[in-house]
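Presented below are the structures under discussion, each in the form of structure tokens.
One chain, chain A, appears in both complexes that follow, with chain B as partner in the first and chain C in the second.
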Partner chain A sequence: MAAPRKLSMKQRYAALTRDLDWDLSYVDEDKAYPYTSFEGIKIHDWSKWEDPFRLTIDAYMKYQAEKDKRLYAVLDSFAQGQGHLQLTDPSYLNAMKLFLQGVTPLEYQAHRNFAYLARFLNGPGPRFAALCQSQDELRHAQTEIHTLSNYNKYYQGMHSWQHQHDRVWYLSVPKSYFDDAVTAGPFEFLIAIGFSFEYLLTNLLFVPFMSGASFNGDLPTMTFGFSAQSDESRHMTLGLEAIKFMLEQDPDNVPIVQAWIDKWFWRGYRLLALVSQMLDYMLPRKVMSWKEAFELYFEEQMLGGLFPDLAYYGIKPPRHVEHAIAEKEILSHQVYWTLYQFSFAAGFTTTVPSEDAQKWLAEQYPQTFERLYKPLWDKASAVVDDGGRYFYQGLPQLCQVCQVPMLFTEPGDPTTICQRHTEFEGERYDFCSDGCQWIFEREPEKYVQAWLPVHQIYQGNCGGPTVPDVLAWYKLQPGDNGEIAGNVEQTAWEAWHATSSAEEQAPAPVAGN
Partner chain B sequence: MQYELRTQVIEPRRKTFTNLTERYGDRPATRYEEGSVDIQATANFHYRPLWDPSHEIYDPEYSALRLTDPYSFVDPRQFYYAPYVTARAHLHEAFAQTLAYLENRDLVERLPQGWKDLVAQAVIPLRHYESGGQLIGAYGCRFGYGTTITQCLSYASFDRVGNAQLLSRLGISLDGGSDGVLVSAKQAWMEDADLQPLRKFVELLLVEDDWAAQHVGLDLADQLLYGLLYTHLDETALLGGAGAYSLVAQHLSGWFTDNRRWVDALYAAWGRDPEHGAANKAELSALVARLLPGALEGALGVARIADRCLDAGAVAFVETRARALAAAFAPEES
Partner chain C sequence: MAVRSIGEYKFPSRSRQELYGDDQLVHLWWKGNLWFCAAACFRAPKAMSWNDFVAGMVNPLFSCDPDFDAATTTFTWTVDDKPVSPAGDESLEALGVGHKSLITCVAA
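Up next, the complex of A and B:
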């Protein structure tokens, strides 16, 4: 048998992937790849893209099929064995409600827009890497839905996640974030999602949810987290390769990439405000404080590890990062205090932190908790003791860019609300921070388009003029929202546990409202 | 005999997510439904694409073919990610076994010369055609409307890379582990007069605006090429002492049959749509009338190569198949 110069592994991989591409001659390259020039990024040689991983389709299918087989086996056995009764407390699921309503739709959007890159990047190497990521992101969206589907059968707040993602006020924070990324050009998307979301901030976004799951008896979500890990590490290497590739192709790319890092750091950081309160307040059994997570995953790993490497290319740490660092002592407290007051209109529930939880918060935040936030909870407790529950009457003003309620405070002054505003074409726009104002002023034509939920409610576009009208439009059901104590979930939980410890084997009652 | 385990019975509060109960009534949903139906956002987009401000992020107007309810189409294969990758893992494993069998017995090497020529000159160059299909699927995945449709297009895109890799492996095998055949096949794809019409057809499809036009155009070429290479010639191979060709062809014709299931279901959904059905049928007829000549010209080039290698009635087969396609999509008499 003839055996001339057999292909090396690397040659074989190239033959099976990028060599499939050819130089178009019946249509202009600019017409076939029309979106890679308007952003100003200059690419001289697409073949310089280093494949961040080498996977042929047969290997991909085999690994992924095996991983899914294991994951779905866990989901099935958890469902069959009523594993949800092993949670630390049903209120833990508030974290997962936020995840399903807020994060799963982003995975789905990533799936669709990585397909856009898989079509429109000029080089076959990055196109194939993007296509793999597009598939993975669909996997993540679907495995998250299937992981949480079992909880949806017994608990509130998950039944209408996609409907709510497109409508509910706090969910416009993640939705507008990702809408911003997919409406940008392909290179900005690579920096926004490939680099900033999947690399720079991924440990701050995913690890808290997955660790929270493992600390609180949520075996399916923890299994999902492990199952997604090898995909995520491919996505991280893609993000890193993308930024290196752009920076190495032309020095003129550096200031453009820097501005995108500045924008997407702050955009992502504001999105993480929701994660910060989840870590510090929503988890019954704590994993680590937001402050600790921020110090480890961002200050140490990114500012201390990544950015010194990027300095070689002339990239500096993101603009406004000092404000994020200064906020680490106050962020989660300000956010949860706001959510506490507005949870009557949310797909999750809130409560005054228990005595133990407040003790933990005081230990984690010695500079701020007892001085600034405990007094607020004391007041809220007093209302509860009198048989009431404090909810804010009215609707919050939202930042035009990040769409978080205007709750953040002036740098260096945790008691004065920070308000910035800019006039554009005769209209006034308000911002929560210097970071958001800076983002607006770069692209005002984009951000004036924002679908701000509170404005929309006032304009009558959200089901009607009253709060019950709006909540019905959100498809909120009793027990989805408001106070944890006395909620249908808590009552049902107590009944299920009373039954399981009793001798009798009669079916447990279905919790009513 | 059965034994009975005592388990705690808790009546669930609901059987599935609200959108599915609203659509299908109060019944448990499948994982396909939970992971596919109503997943794509449809409302309250914040910004318009910088690169196309005339459209929303997801916009039915990216195509002339519309569904009143995009979820009136569901994949008959019920493929969400897990069953999809499982099915394709089996496909690739089975192909690898076939290839190993052929290599162990030198069966590729022992193919009659005409068949070797056919594989090298007509089949292997189509790995580039498959690669064009990859781009078309990715385009549809981004711009289609509704997850049940875009999900199929996404898998189809990935399948095309897979098919291209199957063909590439065959090419490497034909050259005893090296890439000589791949190199000459690529040169043929770029220069051979009989392959230029097909390459031109694919390149022109890539710049069609409407994702459905790209998809339909590719399907027309598929029906001619897969029909020719993996069905018609498969039978010829069995009669002509080229069993090894048939062993390879079964995997591609198997894929094609599987792919047809959702493609045909989508044509049917377009046609029966209560609001857009008539317009869809007219649009499909117009698309086929416009795109079939190019697809035919492309496939005829491949058929000419096949007839040169084997004299297998390839040109006649393609012409007959094209007439059948033209008739199937002809405008309805009014």
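Up next, the complex of A and C:
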């Protein structure tokens, strides 16, 4: 008798996704999959979904286990060798605090919603792709937490990230972004997260964080980045497959998808405002400027590479993209200037950029930095020289859609703040830009519910009426927030290094394989 | 365009005026002064007099700018883009300030 034939990878994938599926006979398809019609997307043939990876459960588990093994070996060796002392400066960790508070909970949210897609998409191919992505996202959330927990032992601002994600003003920006996506239908979610977040903007989010880690001595985060990278490239491909699948299934899908691209480009771009300041201000050793990153990862790769391909389906570059391009000279400066004056209420610290850092900024932004922003930093330095520290004595006006304080300026006029408003059912709503106003006016019923942190404080829902009440409700501890100079983190760092330079330096730990 | 949804989609505003009782939200913007990264948002009684608003809200905020001097810096004012010349005891409501109105000032 012949031995059982061993199936190829491709055959096993077909067996998993096609042979395990069956046609429903005693339940209507729209009862079993009730959420794939209300958005207006028409799918005629679910079997046309082409999964470029054709993963199977055993192959998936094997790859992920190998990557986890490598990551945890690095984490062990880092912990044993006091690796945290190899950072360029403790202020580098402000970028990682922002990541842990802002991005890690989004990974978990993505895990949940992809699990929902893994149940509720009609086709077995996209269901299995969603199942793999759901598990990836959970693994990313867990490995990010484990990676950064090594720093939590020694540094401030990382102890209550999950709690803070739901409460703190600047974290309502990523939170509301994802809440918007998961409360949409499954197809919009695929464009919002699968396409816009994981394809269009992913390099602008992950490359700066991971390169920032490698430039600033953060070996664990860099290793986490490598561990997530192959998943991320799979997600990018799936995001692209999702959009092409929808566009190819029916020409009526094109205008719906276009409107989602328009919405989710702008939503994602506003979220990335937090990344822009990280690149230009938070990293002690710079990787590249926001302007450079935007030109490479967005203008060149997406507007130059992706959108000419999508034009075949009748898809145009996102609405309002010209405003994003024009803002590349000013965005990071305006955002960090805002964080500087509101960091008394943040889970990270800020300071006036050093002379070297300002020189670098002037070189990177010859049109704008010295003319518009250096005078502000000079004035803030003078306040410090007089023994003070400028913090905004009040709460800012927020954009109803992106929830960022209304700090952005009029297109073409970087000295005048952009004010837009719309009246809906007798109430006024404010927006930071034409992009956010357009998003509101498409679906006002959705955004009137926005949980705007400033308004919630004034309604008495955030711990009490005073700033200390609110900070306690945010679970901020002394040293988490405010000014970098003189912070407990800085003092501890100097003491550790004074001790270690007095002793003989131990060789740097070598990462295990 | 309405939200496409699986059922009726109708929810009240989470920041409607009635949630603030006799108060309302008021935005204050010093136009042209980038020292303040954004306009401020206050909760103020509708009946608050202009003088109380200036003494209790405007001046404490503007005082974080070292170049501001409450005694000498003078402004021209608008409420929702309409020029106003506020008198001391006039209430915010009488000045045309509504829920989430924008009070703008430009240094003279």
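We take it that the second predicted complex is superposed on the first by the 490 of 513 C-alpha atoms of A that agree within 3 Å, B and C clash if a C-alpha of one lies under 4 Å from a C-alpha of the other, contacts with A are read in each partner's own complex, and residues count from 1 in each chain.
Just so it is clear, contacts are C-beta pairs under 8 Å (C-beta built on N, C-alpha and C of every residue); 3 or more make two chains touch, one makes a residue touch a chain.
Not measured: the values here are computed from a predicted model.
Novice: Quick one: is A:344 in contact with chain B, with chain C, with both, or with neither? Answer first, second, both or neither.
Specialist: After superposition on chain A, A:344 lies in contact with neither partner.
Novice: For A:38, using the defined touch cut-off, is the partner it touches chain B, chain C, both, or neither? Pick first, second, both or neither.
Specialist: In the superposed model, A:38 contacts both chain B and chain C.
Novice: First (chain B), second (chain C), both or neither: which does A:226 touch?
Specialist: In the superposed model, A:226 contacts neither chain B nor chain C.
Novice: Per the contact definition in the header, classify A:215: touching chain B only (first), chain C only (second), both, or neither.
Specialist: Neither partner.
Novice: Look at A:449 in the shared chain and tell me whether it touches chain B only, chain C only, both, or neither; answer first, second, both or neither.
Specialist: Both partners.
Novice: Where does A:185 make contact in the superposed view: on chain B (first), on chain C (second), on both, or on neither?
Specialist: Both chain B and chain C are touched by A:185.
Novice: Figure out whether A:313 sits in contact with chain B (first) or chain C (second), or with both, or with neither.
Specialist: neither
Novice: Any idea whether chain B or chain C touches more of chain A?
Specialist: B
Novice: Considering only touches as defined above, state whether A:398 meets chain B (first), chain C (second), both or neither.
Specialist: In the superposition, A:398 contacts chain C only.
Novice: List the residues of chain A that touch chain B in one complex and chain C in the other.
Specialist: Of chain A, residues 34-35, 38, 185, 446, 449-451 contact chain B in one complex and chain C in the other.
Novice: Name, in rising order, each residue of chain C that touches chain A in their complex.
Specialist: Residues of chain C touching chain A: 1-6, 9-17, 19-20, 25, 27, 29, 31-32, 34-43, 57, 60-61, 63-64, 66-67, 98-102.
Novice: Under the touch definition given earlier, write down the residues of chain A that touch chain B in their complex.
Specialist: Per the touch definition, chain A meets chain B at residues 1-7, 11-12, 15-17, 19-27, 31-32, 34-35, 38, 56-58, 60-62, 64-65, 68-69, 72, 80-82, 85, 105, 108-109, 111-113, 115-116, 118-119, 124, 127-128, 131, 134-135, 138-139, 141-143, 145-146, 149, 152-156, 158-163, 165-167, 172, 175-176, 179-180, 182-185, 446-447, 449-451, 456, 475, 492, 496, 499-500, 505, 507-508, 510-511.
Novice: Touching residues of chain A toward chain C in the complex: what are they?
Specialist: 34-35, 38-40, 185, 334, 337-338, 341-342, 372, 376, 379, 382-383, 390-398, 405-407, 415-417, 419, 421, 425, 427-430, 442-443, 445-446, 448-452, 454-455, 458-459
Novice: Under the touch definition given earlier, write down the residues of chain B that touch chain A in their complex.
Specialist: 6-19, 31, 34-36, 38-51, 57-58, 80-82, 85-86, 88-89, 91-93, 95-96, 106, 109, 127-128, 130-131, 134-135, 138-139, 141-142, 147, 150-151, 154, 157-158, 161-162, 164-165, 168-169, 172, 175-180, 182, 186, 189-190, 199-200, 203-204, 206-207
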